[in-house]
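Each of the next two complexes has chain A plus one other chain: chain B in the first, chain C in the second.
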Partner chain A sequence: MEARALKSALGVYCGVFLLFLYGPMVILAILSFQGPNGGPQFPIVQWSTYWYRHLLELTPGSRVSYLPVGDSLLRSLALAVMTTIVSTVLGVITGEAFRTRFKGSGPVFYLIILGMMVPGVLVGLGMALVANMIGIDRTWWGTAFVLHVVYTYPFAFLVMLAIFNRFDRSVEEASLSLGVSPAQTFRRVTFPMIFPGVLSAMLFAFTLSYDEFARTLFTSGRELTLPLAIYGTFSVEIYPNIFAFGVLTTLFSFTLLGIYALLMLRAVSRQRSFKGQEEEA
Partner chain B sequence: MTIHDLELIDVCKTYPDGTTAVSDFNLQVEPGEFVAFLGPSGCGKTTTLRMIAGFESISSGRIMIKSKDVSNIPPERRPTSMIFQNYALFPHMNVRENIGFGLDVKKMPAAERDRKVDRIMDMFGLSELAERKVDRLSGGQRQRIALARGLVVEPQILLLDEPLGALDANLRRVIQNELKLLQRELGITFVFVTHAQSEALGLSDRIVVMNSGRIEQISRPHELYTRPRTAFVAHFIGSNTTLAGSDLAFEGENASVQTAFGRMTGRCSTPMAAGAQAMAVIPAEAMRISAASPKAVPTGQNQLHGRIHMRHAVGSIGHFKIDLGGGHVVDVETSTDNKHLMALTVGDAVSVDCPPERITIVPAS
Partner chain C sequence: MEIAEKASSGVSTVSVRASADSPAARRQRRERRRAYFLLAPGVLWMVLFMVVPMIMVVYVSFWTQTTFAIHPTITTDSWVRFLTSSTYLTSTWTTIRIWAIVLVATLVIGYPVALFIGLLVRNTTVQTTLLILCIIPFWTSFLIRIIAWRPMLGTQGAINTILLDLHLIDHPLRFLLFSEFSVLVGMTQIYCVFMVGPITFMLSRIDPSIIEAARDLGAGFWRIFWKIILPLSLPGVMVGSIFVSVMVLGEFATAASLSGRKVNLLGNIIVTQVGSLKWAFASVAGVVLTIIIVVVITALLRVVNIRKEV
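Right, the complex of A and B next:
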């Protein structure tokens, strides 16, 4: 009896959780198909793909100005790619370094983790002040990029730390013992085996950088990234074109996740034997 | 001067926190020899093997391979190859890629590489599995792949770290025999780490018994079994009863020591001074057991009296535990063919004796 009550309570909880998780996205998606004369709320005046065409600037004579996202989208993508590369490389290198305890590894660990702990607004503001003091321009590819790396690097590092933590060192030793150099061992043995972790680290770095707001706000200068540009349009008036844009970016994210899942599946099926070996040992 | 395949000179390993893993390790291994490091876990045998391979640095001393000091040479440039207990196969490669990996990276021409890989796969009966993934294979197959992978690069010394540890008992016997044949065929020096005395006794030309980071004894298997030199070896190898005593005395080739159960006479395995504290080591299978008749006067040499405390038989061997009183129990093994002995039951008074040439006197621990 009690177990059944608990079960239904958990069911309700789960339902509410899903509602709050997907509700906003579903509402947004529905409203993105609003007609040209509808507003950013229910009821739907007329079903149409007008606002998607509006995004692509295919609706001449619209009373609503086009969403100024083209350049900022490219900027955001470029910034996210740059951040992903640098943070993942740093994360893998430091993850490798932390496989053996070294003098000062404790403080260094917390120093790295600090980057994701400190409030973004503060670091952003601080960076703006530092840039002013030493007289460098604030740009998305300069000051903002540095902060994106500082922010995403700890995530990549933690992922790699977890991967290396359950990595069987004897596989690398076996390679060395066959006369293979450490560099070749890393390239031919270690890297293929940690690849799923590297993918996860890349995904973290990319998504965190792609919609980072607070740190970018103070440091990107005049050229805005996508989240800043979208926020900028809110201060005028909200039209359903933003919803259409939201749907498209969500689809883009899902595509990324799909690619990630596929690559992961391939890597993991290659990896299975590794676990088998561990279990038997 | 003879050239040793492997020579360890005063090798010590001390960790930064001050603990000593290995101290004063001295060993010379001849070409083609099969040497086993035997000892309980934590005795430093694996650490020593890893120092030879180059995975652990040495704190002092020298390691020479073919008279060349390799102490400061990284593992990939030593002419050694190591086989790991968990096989350490590359999970992202198939059987052929695993075995060919060492040659592949050395930029060997593809034709020559393939020829070598094919030959060794054939030798290990792996040809059928060439394109299989290593995760779908059994423990014995993986073990063979690991051996093939380690041998195809033609090392001067093959280092094996408990290579049979992860296999079940039957497979262990099979692979054990294969290893022995393989080593004889290839003539490569093998250094083998194990905690199982049967493996060490059955496989190797010489055994290095280690305890707490030190060498206890280096001997051929038969000598190790029959003439232990320390109390530790006596306890670790075979199934021996030890009786502590004092007042060591010599008479001809025999030595005797006064124990709580009379004087025990045997042979010394290592030089000792007369009058010293010593220990008599009595092998379980060297003792003769007989029913004690109440009238008999105990006059025989090396005779002990007691009651049967426990008895059981495993196959052709009967195991007896004889209680001598005062908490001393001797283990005796006899053949179950002796109907007379097998008729004895728990509580019966018996006497056991052992010829002096089978008893070894070692220094007191």
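Right, the complex of A and C next:
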């Protein structure tokens, strides 16, 4: 009886917690439909999609300056794609290396994990100092990019480590001993098995890089990425156009998540059908 | 005796040599070489772009700072200035205080949630759904999540509007936004899930029959909690604490957005000093921050080890 009362009490508490998590975003979404003359708070003066149009620079003569979304969005997407490719490749080959025992695996493991633990503001500062000393320009595709990989590569590595732990080496060995070339073995045996992991590593890398700004702040030079453009508005007065932007970028992330889920489902169902064939045979 | 030793060592070298030439050993060596080869790019990347920059921070903290530039003459001037300035010592203290409060808040608020999801909900579908609900907010931009607290806590914000409408207060509460309070609320909300996740994971691995056995033997809920549930969840608490600590200590954006410049963390000091090209000084703040993080993590690991020994 006591246990049941506790369970329902904690259930209610959990609901309140979710409200705490989602409440601000819900309010933000509601306020993004504020009218042209309304501020970033209640009451809603007039319901409209004015601030969404403002974001697309379709509102001539606005009292509020436009968010520099266009260029910075493209930069952020390019940076995220670059980071995703490099950190996933690094994650896969390091994960592969960790399948064999070697001396110094402990220190190497911690060295890589450190990349996701070190505060961005510290490595950002360090990288800016290094760039200053050797006299190279700080750019989003150079100094900022390498730091993004430092951050996302450990995530990719951990995902791949979990995947490689789960599957048996003998499958690949069987393929190799049947005379299939290593390249073919990787393409036809290893890759299909690690594909869900690769996909997860890519999702991690992309979303982390796309949203990263502490590491970019000191290292991207004059050209801003999207999070930096938003960070720039922190010091000045905010307007509902930021809210509209927040809603759109959230929708974009969910689209990405949806694509990931679809690809994942397809990969899983293909594996299942493959297993089914095996059983029939 | 000596002879015997020599003989045995001779035998062992022979056997080692024999095994070194065996196909199995050769294969092992080849595999190890391959592993090192595969590791090289990643390790090189981390050393060049993480270790070297961190060393650079320590090094530059001893450089000489002039108004607009730094030059590599070794001096402790920046350190002396940091350690004698009340502004910077205050911000060090603020960083530690905010870290401690947020850590306790995420633990106190997050633990019951983890208890519910990990232990009391036994249906895996419901469990997964609740966990996903906790993680979904992370797919929103971090900066947007911080800014979302402004219309919530402002004097004309949602909370004040609701409280005024309910006639619970006559005037809007002013301490809600642009204060230390709003920074604490924002950080707790954003980092709480990093505490909930690891604890939930540990709790969901507890064998329900252990708890059943304890109950059959007449233990009440609190006794079961103190003697079984809490100790078994401690590794999760530790991992969550390390996550939250590292992230809160390296923070500056929440304070920049929600405190109205009333809260200056070490991270904010670094940002403003870099903004005015005081690189050496920013580096000192960076080294101090690193030291604090290392001390905190070592202490957290120690706490759990002591509990294990007792």
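The working rule: the second predicted complex is superposed on the first by the 271 of 281 C-alpha atoms of A that agree within 3 Å, B and C clash if a C-alpha of one lies under 4 Å from a C-alpha of the other, contacts with A are read in each partner's own complex, and residues count from 1 in each chain.
The working rule: a residue touches a chain if its C-beta (ideal position, glycine included) is under 8 Å from a C-beta of that chain, and two chains touch if they have at least 3 such contacts.
All values reported here derive from a predicted model rather than from experimental measurement.
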Quick check for you: in the superposed arrangement, does A:V236 touch first (chain B), second (chain C), both or neither? neither
Chain A residues touched by each partner, larger count belonging to chain B or chain C: C
Where does A:I134 make contact in the superposed view: on chain B (first), on chain C (second), on both, or on neither? neither
Should A:S170 be classified as contacting the first partner (chain B), the second (chain C), both, or neither? first
In the superposed arrangement, does A:L147 touch chain B (first), chain C (second), both or neither? second
Which of the two partners, first being chain B and second being chain C, lies in contact with A:M193: first, second, both, or neither? first
With both complexes superposed on chain A, which partner does A:L178 reach: first (chain B), second (chain C), both or neither? first
Is A:G11 touching the first partner chain B, the second partner chain C, both, or neither of them? second
Chain A-touching residues of chain B, taken from the complex the two chains share: 53-55, 74-77, 80-82, 84-92, 101-102, 105-106, 133-136, 139, 142, 146, 149-150, 153, 159, 166
Listed in rising order, the residues of chain A that touch chain C in the complex are 2-3, 6-7, 10-11, 13-14, 17-18, 20-25, 27-28, 31, 39-43, 90, 93-94, 96-102, 108, 111-112, 114-115, 117-123, 125-130, 132-133, 146-147, 149-150, 153, 157, 207, 211, 213-214, 217-218, 227, 230-231, 234-235, 238, 242-243, 245-246, 249-250, 253-254, 256-257
Which residues of chain C touch chain A once you look at their complex with the stated criterion? 31-32, 34-39, 41-43, 45-57, 60, 109, 112-113, 115-117, 120, 130, 133-134, 137-145, 147-152, 154, 156-158, 161, 189, 192-193, 220-221, 242, 246-247, 249-250, 252-253, 256-257, 267, 270-271, 274, 279, 282-283, 286, 289-290, 293
Residues of chain A touching chain B in the complex: 168, 170-171, 173-182, 184-185, 188-189, 192-193, 270-274, 276-278, 280-281
